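Look for subunit A in each of the two complexes below; its partner is subunit B in the first and subunit C in the second.
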Partner chain A sequence: MRLTNLLFSRVGKYSKDYSNLPDSYIKRAMEQVYWKNPKGPQYRPNAVVQRKKFHFDTERPWSAQFRQENSPNRHHKKIFVEPIKEWSFFRGDRVEVLVGKDKGKQGIVKQIIQERNWVLVEGLNCELKKLGDDKEFAGVYVQSEKPLLVTSEVSLVDPSDFATTGFEWRFTESGERVRVSTRTGRIIPTPPSAEETIDYKTKSTYKEQPKDTVADDVTEVTFEPRLATFEMDLMDKMGIKEDRVPPKSFWY
Partner chain B sequence: MSTFAKIGGITRLLANSSISKVNNTCKLRSLSTTPCRRELMEFFDDEKNWGVQEVKSGRSWKSDELRLKSNTDLHKLWYVLLKERNMLLTMEEECKKETRLFPSPERLDKVEDSMKNLETVVRERNKAYHLLETGEKGERPRKLETNVLGLHYKYKMSEHPIPKHLNTKWKKQYEFYKYDKEVEMFREKLNEKNYLAKKKQHRREFNHVIGLLNRFPNMDMEALKQQYPEVDIEKAKNSRKYGGHFEPK
Partner chain C sequence: MSSFANLIITRGISTSCVRHGKRNFKKFSLFNKRGSRQYKEAQRNNPEPDIPIYKRGLRDTGFYNEGKYVHVPEKVPELIVPDLTGFKLKPYVSYKTPDVVQSEFTAEDLFNVVYAPKIAQDLKEGKLNNDGTPLEPSAEEKLTKEDAYNRARQTGSDIF
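Up next, the complex of A and B:
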């Protein structure tokens, strides 16, 4: 169990934020258990897990493509990922590409793959793939972004002069943590699309679904402290009276 | 009446159609909060959601939000969630049976997460009451015990009508550790195995750090230390594996 937790912890926070999926679902979708004993005191916690180490790529861990990439008996070369103290690239950040054919061009971060220190920049560093070609049909070309390393292949852009800059995390006077350009000393604001998910653009513009509880009802305080347990309180409210005295019992 | 109005929002979590039916047909029973009976079909999702690709839903209830709610509200919400979970499990099973796609399976996790949070809040409240009144947590007591193989585990105590020394059935069923030469040998070997596994893990981490140092010479050393706190980085740099296959300048 601890092992699976450890492996699961490798799915970075920023790479799953956009999907807006609960952690337990991601864990459930990722795990490859061939068989497992049911839960209960009569069973040993035995399980046959087909894969414990996952190969992370551009596919998202809960997708079928990821499962296919990590299918049993499929081997991948060991990957060394440079440790980063704190993740500082967010969706919607303007960055400059430092390598490849789009070197020197600026673009917007489209997707974050934290497990590999990667970002996808919209429309830059693309590759063309030919799909569906056969004897009669010439096939179609599909363009897709290739990932870029945040450590060496992209650089943040200072919004005041649109030039690349180094940055560091500092506190503002109001106690807020911000990225500050080391060249100009200007704040590089976190883009509003950083909190965007597949379900909403911003939290305030979330469209309520039929089964959702209304926000006002969620925040309404109905709790009144009383010297009673949950059960005693409920019995009082429902008018259930219990006068029986339990017989003496022993705990061991 | 006021409490009924208050919990209106929570009962909204129920199937939308069932709520609208409450409003239309049950006007006479003003105090009842139970929706109209739809018999077995309450175990199934709304017909609109059959065979669709995706059913959108909000997030789960957080414990901080549940702490604001009264016990009655929590009690009602529990059954709302339970019914929702039953419905989702039925739909999942039915989709499997019909070899169809079960849309948005993360709904199940959201409901289960909410139920888990609700239970922790209820237990918190009960614990607070018992600690105040009796000085004990009031939960099922546990004790650290050693089993016949000499392994430590948390034994969950249970309630019995007769004391321990009279309860021969219990004595037969629960055997704890008594000194045994062979078990001692087994424990020694188990300790050795665990120690070797730990050592192996440590060595693997050490070698991984050397690999990182070789590949990323400009790496942030503090980040490395943070991620691998057990590895001695100076020692890794002195290793013969550190550096390439070239003469130092």
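Up next, the complex of A and C:
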């Protein structure tokens, strides 16, 4: 696989953070292997024919809808995505919409789709979809947010005066990297909901489940250094005594 | 020259299959359902078939002696499961747990635990010879290289 292909077809970190799914699962759920060498010493490993280019949309890469959009023999036009040096929009950020019918309104970032430089802003830039209408029934309208480009269609809001601002990443005196408003010089703090996943709001407020090992038990150090090998330790524990000395052996 | 005149160029059609149907059987895994009916019958009736009957990784708990199966109790697998009463670790780690960063435990660390306190105490109390050897060596200090090597090998370990 070409390095560029690998780099550009990857799912962005911030678009999968909220799901709290392991990378191995996302890889498995996404991959479409058409042919793979069987296992065995006579076959070259890693010889695999699989889909390399994926079309990323609002559907999450591990979902069935994504699989349907990227089903075999279904190809999409190449989409050019402006490379961003560092992702700076997080879940819970207050942003102002710069385009569309909600132009000038402020809202909270609800979802990040990093592969397309998109964010979904809660309740803004929505579309209405009519579902389930037929001859007798008028159907229901479902409202859903349309994605907005972070490069040109939304702008971060300075928390001190609630007005749009440019920003840059700077270091604080304690060495922490923060976003700073270029207009007022105020820090734009990363919202706590950036840490939020489907399993917990923040790590510190996570409610431990019966099968979770608690922190004290995980961090407890039970190892006592002794002048003995692992096997000697075991023999001590199980009360096995051995007086015979094995004969010397030599390697030539 | 006359033989040249009689030469008639013809094209033949080979009616035998490629390489007489011989295949590189290293390439094919022949599981129980693969192969012709004759082959499967031969496999069934042969007490010691050339290609062993695939049992999905299951091992026999006995052997065949003159066509009769002999059960060997020692071949029955026995699972030895440790008693986990009072064991605090569970399948998962809580998200609340902070990241644990530990340095590697080196030979120097072991020396600091086993030998260093005794040496420091001896130095304080003046119980060291001029060449730095202890006047009253502890059990660990008496241990020679040979003894330590033998002790590790007495476990039956083959790490050396």
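By definition in this document, the second predicted complex is superposed on the first by the 198 of 252 C-alpha atoms of A that agree within 3 Å, B and C clash if a C-alpha of one lies under 4 Å from a C-alpha of the other, contacts with A are read in each partner's own complex, and residues count from 1 in each chain.
As a convention for this text, contacts are C-beta pairs under 8 Å (C-beta built on N, C-alpha and C of every residue); 3 or more make two chains touch, one makes a residue touch a chain.
The structure presented is a predicted model; accordingly, all values stated were derived computationally and were not measured.
*Asks:* Using the touch definition from the top, say if A:G139 reaches subunit B (first), subunit C (second), both or neither.
*Replies:* After superposing on A, A:G139 lies clear of both subunit B and subunit C.
*Asks:* On the A-aligned overlay, A:G166 touches which partner chain: subunit B = first, subunit C = second, or both, or neither?
*Replies:* neither
*Asks:* State whether A:E242 touches subunit B only (first), subunit C only (second), both chains, or neither.
*Replies:* The answer is second: A:E242 touches subunit C but not subunit B.
*Asks:* Let me test your reading of the model: by the given contact rule, A:D212 touches which partner, first (subunit B), second (subunit C), both or neither?
*Replies:* Both partners, subunit B and subunit C.
*Asks:* Figure out whether A:L227 sits in contact with subunit B (first) or subunit C (second), or with both, or with neither.
*Replies:* both
*Asks:* Once the structures are superposed on A, label A:K203 by its partner contacts, choosing first (subunit B), second (subunit C), both or neither.
*Replies:* Only subunit C; A:K203 stays clear of subunit B.
*Asks:* Between subunit B and subunit C, whom does A:G123 touch in the aligned arrangement: first, second, both, or neither?
*Replies:* Touch status of A:G123: no partner.
*Asks:* May I ask you to decide whether A:P189 touches subunit B, subunit C, both, or neither, giving the answer as first, second, both or neither?
*Replies:* In the superposition, A:P189 touches no partner, neither subunit B nor subunit C.
*Asks:* For subunit A, which side has the bigger count of touched residues, subunit B or subunit C?
*Replies:* For subunit A, the partner with the higher number of touched residues is B.
*Asks:* Considering only touches as defined above, state whether A:Q42 meets subunit B (first), subunit C (second), both or neither.
*Replies:* A:Q42 contacts subunit C only, not subunit B.
*Asks:* Counting contacts the way the document defines them, which residues of subunit A are shared by the two interfaces, the one with subunit B and the one with subunit C?
*Replies:* After superposing on chain A, subunit A residues 199, 206, 208-214, 217-220, 223, 227, 229, 231, 234 contact both subunit B and subunit C.
*Asks:* Touching residues of subunit C toward subunit A in the complex: what are they?
*Replies:* These residues of subunit C touch subunit A: 26-27, 29, 88-98, 100, 105, 109-110, 113-114, 140, 143, 148, 150-157, 159.
*Asks:* Can you check the complex and tell me which residues of subunit A touch subunit B?
*Replies:* Result: residues 20-22, 24-25, 28, 80, 82-85, 151, 199, 206, 208-214, 216-224, 227-231, 233-234, 237, 247, 249-252 of subunit A touch subunit B.
*Asks:* Touching residues of subunit B toward subunit A in the complex: what are they?
*Replies:* 3, 6-10, 12-16, 56-61, 65, 67-75, 84, 105-106, 108-110, 112-113, 122, 125-126, 129-130, 132-133, 138, 141, 157-164, 170, 208, 211-212, 215-216, 219-220, 222-224, 226-228
*Asks:* Contact residues on subunit A for subunit C in the complex?
*Replies:* Contact set of subunit A toward subunit C: 40, 42, 199-200, 203-204, 206, 208-215, 217-220, 223, 225-227, 229, 231-232, 234-235, 242-246.
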